[in-house]
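Several structures are given next for inspection.
The following pair of complexes shares a single chain, chain A, combined with chain B in the former and chain C in the latter.
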Partner chain A sequence: MKQRLSTLLVAAAMSAAFAVHAQQPVKKPVPPPAKAAASAKQGGITAEFEKFREVLEEDNPAELFEARGEDIWKHKKGPDGASMAQCDLGLGAGVVKGAYVQMPRWFADVGQVMDAERRVVHCMVKYLGYKEEDIRKQPFSNVNKTPDHVSVITYVAGQSRNLKIAAPQKHPKEKETYEIGKEIFAYRAGPYDFSCATCHGEDGKRIRTQDLPNLRKPDQAIRAYQGWPGYRMTGGFMLTQQWRMNDCFRQQRFPEPGYLSDSITALLAYMTATANGQVYKGPGIKR
Partner chain B sequence: MADPMKIRAQMKGDTAEVRVLMSHAMETGQRKDNAGATVPAHFIQSITVDVGGKRVIQGQTGTAVSRNPVFGFKVKGAKAGDKVVINWVDNKGDKRTDETTIAA
Partner chain C sequence: MNQTIVFLAASLACGAVLADEIRDYRAEAAAMLKRDFKTKGIATADRLHEDGVQAICNRTSDHPPKAVAERLEKDQLDGVRYPADGKLMGDWKAGEKLAQSGRGMTWSDKAGVPGGGNCYNCHQIGPQETSFGTIGTSLYQYGKLRGNTPETQKYTYAKIWNAKAFNLCSAMPRFGHAGALTEAQIKDLVALLLDPQSPVNSK
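Then we have the complex of A and B:
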């Protein structure tokens, strides 16, 4: 609760800063037509924030978590001597390079479509002896702890830096998962009668100064994909794509899905496949 | 034992640009945990940087520095291939030393 409050305060402080900034004269030689003016100003604020983010990305503490995850992946041994070298992320046992951007995919060994996070947790339970119920106790990071599986996911994501997203859509189950995701995306429910599409189904929507991507389009779906897993500066810990998806459910006042839920995999399949062909820049940084 | 630092050092003209990422909790001693107990202060207290065997920075840091901090600085007169050795010590006596060489 405290954490959420401080996040809100930071958000409030930031929007105040933006408001001050917005009053500065805009450096524009030719005044744009009246209708475009509002959106140009809006774009300017977003551009400023993007610049800020770029500077931070040069030295992203996410790298520290990548290193920690790499250490677990390469050196940790399970109770019977197994290691993550046996973990197949879809490109063969132990292959990490490029695997993150090619999930969710169908995994024949479990007969399921799994997203990256789900697959990593599956492997850590199977080979390294982690207990699924322990992971479920604290699936996401907080100020006190970034769990091991989050570091490993960050490492796996880092190994797909600057690679093109290519979520497979060949297996009938992959196609089905995509369709289910599309359905959930448009499904209106809850006390606000919201769906994902309410905010992310049209161009040019925003919440306060935050531009919202239209996740039905490839060049915008990438904006929601990009930057996760992300290092949250408030508190200093890593958050994953699953966390972000759960948070969207919370914001819609839906019941939050259980960790590694099928519905999240379906939504990720829909979003990732929509963003296919775009370049993933690796773990990001969030305010 | 603390996690390793990430150090990047590169020549830009006649100066070396060094950036270091440190993995540290940097607890201020002001925060309370879920049970309401104060989380004890735990922070990096001193930092030293040696470039090419010469001490270039000897600094003291406190609780105002963020968690997992990044430090960046420029060193004049350094050259490619020089060794950069960075060391920190925290208030609990935990320490860490990492090094790299300056890239051209």
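Then we have the complex of A and C:
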């Protein structure tokens, strides 16, 4: 196990491209049980949850994480004195306002289309000296820990509150990423023959009592964005879009997608561009 | 199975003509998935390979030409293995438990632990369970409406064993074919749907 880890790390160090997709054989936080299976009686719970959410949204706990993220963004310095003020989220170095709703986008400096989470992590590694392999050890929050990069993403997202989603589709690579995302959405495979479209391809469907948005339609594709990153009430931590994609692939009975991989960026580009023009209300609350 | 391959090859040939004209994003997507996804627990990377049915449905947006669909449905039906003793109905109570369980085949499920049916995720079934999904049709009163005849039993067993034998691009998993449910489990589910004692068929 140890040996495999070090072999992987060496391999990862050897190739930056590989590093992006490297899968560390370390213990990941145990994903919550399939929501669909979690409870046989959710009707009442759903109503309760909605009430609770309304109350909480007035005074959203996500803001605590925004504040923590802001602190890291504004005050933390890298080993050589670099800071996030040098990070370009697409609108110029250090510009955070409105950047979240304009990703995924093409970034010429890395020659890649990146979604917001990927770009933020990229900057934290580049400027603040975070180690990519450490971030990959715990990419998602759990009851014990909401990692720094998740707080920073929550801050960045909060700085696009009440702005219109406008994922650019001008650069050929942005269009290509959208088209590939659209195909991934429809790609059926695995022991259950599921694709995203199996659960999110028609209007008005449910799994148990959970409403499933038809993510091919603009007015419902917004749900890939609205309320994310989301404060998970059962546990008290923040979850990002990358987590949502990971858990849906788990339910799809697929193998695990690489964190911050091209496939996830492509899916997010497809859903975000589909939702373009609608107002993002900021980090929210998810059950 | 040979026929499956012939049809698949024919359809791929048509796809290739198309690919020359427009960029084949579908193939690019498949290649990207294979690059980015890794085995975790029982969810192995080879799950990304499409089998014949998946490939045809993926390439035709779930609307294969009728002749192709019929051919492949027949292949799928030919693959259904019925119980050796000819008994298709088990215990409806065990079936209800299986229908409730959403476990099975994810990377957080353990190897060797029998999975559930996930049936309530998609179907209304028994009258007491109000937390049911709507991707599938309602199965409440299924046996009442169809009659508990040998033909209905056989169809129901085969449908659960391989839903694609009747509707090639159905959203429903092929539970027996995929090894997600055992013969005994499928019998229990047939009983849940058809046994006159099952609450599914109560007045």
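Just so we're on the same page, the second predicted complex is superposed on the first by the 235 of 287 C-alpha atoms of A that agree within 3 Å, B and C clash if a C-alpha of one lies under 4 Å from a C-alpha of the other, contacts with A are read in each partner's own complex, and residues count from 1 in each chain.
One rule holds for everything that comes next: contacts are C-beta pairs under 8 Å (C-beta built on N, C-alpha and C of every residue); 3 or more make two chains touch, one makes a residue touch a chain.
Computed from a predicted model, the values in this text were never measured in an experiment.
In the superposition on chain A, A:R253 makes contact with chain C only, not with chain B. The partner of chain A that touches more of its residues, comparing chain B with chain C, is C.
In the superposition on chain A, A:D59 makes contact with chain B only, not with chain C.
Within the superposed three-chain model, A:A67 lies in touch with chain B and out of touch with chain C [touch as defined at top].
Of the two partner chains placed around the shared chain by superposition, chain B is the only one that A:N144 touches, whereas chain C remains out of contact.
Looking at the shared chain after the overlay, A:T198 reaches chain C, while chain B stays out of its contact range.
In the overlay built on the shared chain, the residue A:G235 is in contact with chain B alone; chain C does not reach it. Once the two complexes are overlaid on the shared chain, A:D262 sits against chain C while remaining clear of chain B.
Once chain A of one complex is fitted onto chain A of the other, the partner contacts of A:R188 are limited to chain C, with no touch recorded for chain B. Those residues of chain C that touch chain A in the complex are listed here as 23, 25-26, 28-30, 32-33, 35-40, 43-45, 47-50, 53-54, 57-58, 61, 100-103, 105-108, 116, 118, 120-122, 129-135, 164, 171, 173-174, 178-180.
By the touch criterion stated above, chain B contacts chain A in their complex at residues 3-4, 6, 19, 21, 23, 26, 31-34, 66-68, 70, 72. Residues 21, 23, 30-31, 33-34, 36-37, 39-43, 176, 179-184, 186-195, 198-199, 202, 204-209, 212, 249-251, 253-258, 261-264, 266 of chain A are the ones that touch chain C when the two sit in their complex.
Here chain A touches chain B in the complex through residues 2, 58-59, 61, 63-64, 67-68, 143-144, 231, 233, 235-236, going by the rule given at the top.
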